[in-house]
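The structure under discussion appears below in the form of structure tokens.
Chain naming follows the written order as A, B and C, and within any one chain the residues start at number 1.
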Amino acid sequence: MTQLIDYILGGAGSGMIIALMALALVLTWRATRVVNFAQVGQAMFTTFIALSLQTLTGSWWVALLGALVAGAVVGVVVQYLVLRPVKRMDTSGAIIATFGVLIALQAAAGMIWGGDSQAYPQPFNNTALTVFGREWPISAYDLVVIGFGVALVIGLTLLFTRTNLGLAMRATAFNPEVARLSGVRVSRTLTIGWALAGIVGALAGVLVAPVSGISPNSFDILLVFAFTAAVIGGLDSLIGAVSVGIGTGLILSVVSGYSDSSNAPVVALILLALNLALKPEGIFGHNSARSV
Amino acid sequence: MLKIDGMSVSYGPVQALRDVSLEVPRGEVTAVIGANGAGKSTLMRTLAGLVRPAAGSATLDGHSLTGRKPEDVVRMGVSLVPEGRSTVPELTVDENLRLGGMWRSKAERASTHAEVYDMFPVLGDRRSMRADTLSGGERQQLAIGRALMSAPECLLLDEPSLGLAPLIVTQILELVKRLAEESNLAVLLVEQNAVTALRVAHSAVVLNLGQVVMSGSAADIASHEELRHAYLGY
Amino acid sequence: MQNLLRLPGARLVTHAVLVLAIWRVAMLVTDAVDPLTDYYIALVAMYATAMFGMVILVGLSGQVSLGNGALMAIGGYVFAVTTLNWQTVPFTSFPMNGTWAIVFAAIGGVVAGLLIGILGARLRGPYLAGLTLGIAVGIPAIANRFPDLLGGETGLELTVPYPDGGYAPVDDTGTTDEPVDVLPTAQAGASGDATPAPGDELTLDTFPTEQAALPTGQPPLASSGTGTGDELTLDTFPTAQPSGGTGDELTLDTFPTATPEPVASPDLSSAPIDGGTDALAGVDVGFVLERWQAGLAVAVACIVGFVALNLVRGRQGQVWRAVRDDPVAAAVSGISPSTSKVSAFVVSSLFAAVAGAVFAQILAYVGPGAFGLGLSLSLLVGIVLGGRGSLVGALLGAVLLVWLPEFVLQLAGDRGWPEQVTNNAPNLIYGLLVVLVVLVAPGGIVGGIQAGYARLRGRAGRSG
């Protein structure tokens, strides 16, 4: 029993990272009805930028800030150059285009920084915490990750419910025509949505890198986990993405604990398949996954 | 005054509007009537900037609207209530109203917001409910209220009666008429239901296959029997 | 004549003649060229086989799937497992051979395609793409679950062509000096000395296209996002046999009956691996493994291409297009959209599995790294560049997948580019080209040529 609790707690940090990446996917989906499969590629790229900044300045915080700025910029560039022109086309075109971006970003990162996995500095203590005379499977770094995640979710909730920009973004997501007729600058709002998603993805990248290392392909698996969480959460729902993301992390941690971490992708696939078969609109969503 | 001069619109090879000219004076309701497919909605969408005209121009008090984006047209004072009780169903009543006229100052918006609730008391009662829980008539009021939030000089109403009970239609159209007269708005009202439209309108134009076939005072058109038979089918 | 061609039977004959002609020409070419070119031809034919299925699934049926690499993995693994473990076809006394194994791979593909299709065919675009992405990553990972049967991360090595009389049963090998080395189940043990870095480097330089979609020299698949540092690198990727770098332990006396059928002259028979090595060195020893592989891959591609041609140009093709363009209208006119979409999945999955079985024989190996996400992505890249709805486009895309990395490698050699740039340049080009094609020429190369031709004709028509 204690072992189960340990396994569950051990998944909290990675769960938050999955939640953040799922959140990024949901933000672009809400903005433009595109699942940005290049999101992890963007996060990988900005994490490499952060690593370079880290080497240059020696400051983890400067590197983080750089990654967030770069995340916004890359998000805007991808949306502006690729998805905006493709908007009028079939959905297949948009999906394929995001994979094209993913392939190009990974290759570009390989060219610049090489293909080998590199270590990302660990800014906080990553050893198990001892509280009440017992070792817990959570480190100070896990708490930092969770803290960042919680702060971000609170910030986004305030943005969406309390500000005009947030209202404009929600209106644009649900009914772009009415938003335009109300005077919302829709294309600018969509671009801001992508920038926001880029920032959230970049944060997830920098937070996961000390644990996973960073290489051009090192976030691919995160894409699968995050997509699974986003879809089960309903793709439209910020709350859904976050809670299911964390839940996915906990489940995968338990699975890895009792068997082997290489089973995690298979388990994620089973979760995704079950969800799409039984409740395709997700737990928190209202838009339909099914076409026919 | 909204002035439309020689406007033509094409969708590929199909010409939806041909050389349409008309004037919508302030303080009056001008009705556009005609059968299905006559080009009424196209006219409205073109005025709002959602469709680009192939030729012609539209001006509001001398300022050109043609070629502008919808979000700029509404800033110039032309507000469209599109067909089908267009609101954002996932947002609350209050949020739908906040959405209109977001570029205006906070104080201005607050006063318009209060005015709209005065005008449509039912919206005030439902302010924190999601728009998709409202009845058809309430949603139409919300759609008009959202359009009014931008403090327009000219209001474009596309088929507000569609799918509503006759009593509610009458209420809404009476309100529109009062709005035009009291707030000195130029109102362009598109209706398939000619009888209802002509009852509130001051003047009217009849569209057929994208062309203006007749214009004049509402009373004249209502009494023009041939025209009724030919184009309005009653 | 026109009327005659409209008869269904006549169209079948036309297609058969066309495909036979292509096959004949391809055979003449494979006989004439050097083994390395044969190897490339084999890869092109193998990619084309899988991409014919993608044309039907993505192009005609409009379902963007990332899972076809995983379906190839299923085909490859079924091929490997059945050949390695079965002496005879189950429930019969037929001796097992490579053809049977391909049939089993095809059956595996159909079953998998049916399952994925039933699950996926009702999903809207992005959901389907995400689900199949999960399949592309998840299915190859299953190999780790069953290390004894599927070889785990290390994979399974195969003897190619399938040895006459089959693989030696485990007990019979006790007499030889180094029995474990040749047994696929013992690969984990053998890989210790089978993965010297220099040998691998050589292999990758000679045959970079084995991993066409993967930046060479990088982990084919990601390390885990949850912080388990397990990653699959090319160090554990066993060398493909054509280079013969590590195959020297496999000697003729282990497989005394290994007289490869196709082009071999019995007196000059040697073990396939040695044949490959020698052939690479330019010595003609009669049997050339690459030529055999090219023959196999081209034959399979022709058979699959014939089936695809008839489907695409027949009634079923119209049904797929109708459902893609307007599912509601199709349903109203009596076509079941979900049946149509599932059938596209089954067909494409069948093709993918067969291609996977061929791929296994080209690599003489199956393993999770060879069938990773990169393979799925490269299939998508191939059909998008070639032209989403066109079989000719798939063929052109396959050529591009194999040729571009070679071209870049040559260019890099001439210009002295650093390895890091060279390894990633093909993928950068692919990625940018995919985006460009989607934006400006959704029809890909074939669509572009057609549009250009139409414009040319239009201009000629106006001036004339």
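Details
The rule is short, and it goes like this: a contact is a pair of C-beta atoms (placed from the backbone, for glycine too) under 8 Å apart; a residue touches a chain by one contact, two chains touch by 3 or more.
Note that this is a predicted model, so its numbers are computed, not measured.
In this assembly, the chain whose C-alpha centre lies farthest from subunit B is C. Inter-chain contacts peak for the pair A-C, counting C-beta pairs in contact. Geometrically, the chain at the heart of the complex, using CA-atom means, is A. Separating the centre of subunit A from that of subunit B, both taken as means of CA atoms, is a distance of 43 Å. Rounded to whole angstrom, the centroid-to-centroid distance between subunit A and subunit C, based on C-alpha atoms, equals 32 Å.
A separation of 60 Å divides the Cα centre of subunit B from that of subunit C. The part of subunit A that touches subunit C in the complex is made up of residues 11, 14, 17-18, 29, 34-35, 37, 82, 85-86, 89-93, 95-97, 99-108, 110-111, 114-117, 208, 211-213, 215-225, 227-228, 231, 235, 249, 252-253, 256, 260-266, 268-269, 272-273, 276-277, 280, 288-292. Residues 164, 167-168, 170-171, 174-175, 177-186 of subunit A are the ones touching subunit B in the complex. Taken together, the subunit C residues at the contact with subunit A in this complex read 58, 62, 64, 66, 119-127, 129-131, 133-135, 137-139, 141-142, 144-145, 213, 215, 217-231, 327, 331, 337-338, 341, 373, 377, 380-381, 384, 388, 420-421, 423-428, 430-435, 438-439, 442.
Taken in their complex, subunit B has these residues touching subunit A: 48, 50, 69-71, 74-75, 79-80, 82, 86-91, 95, 98-103, 146-147, 149-150.
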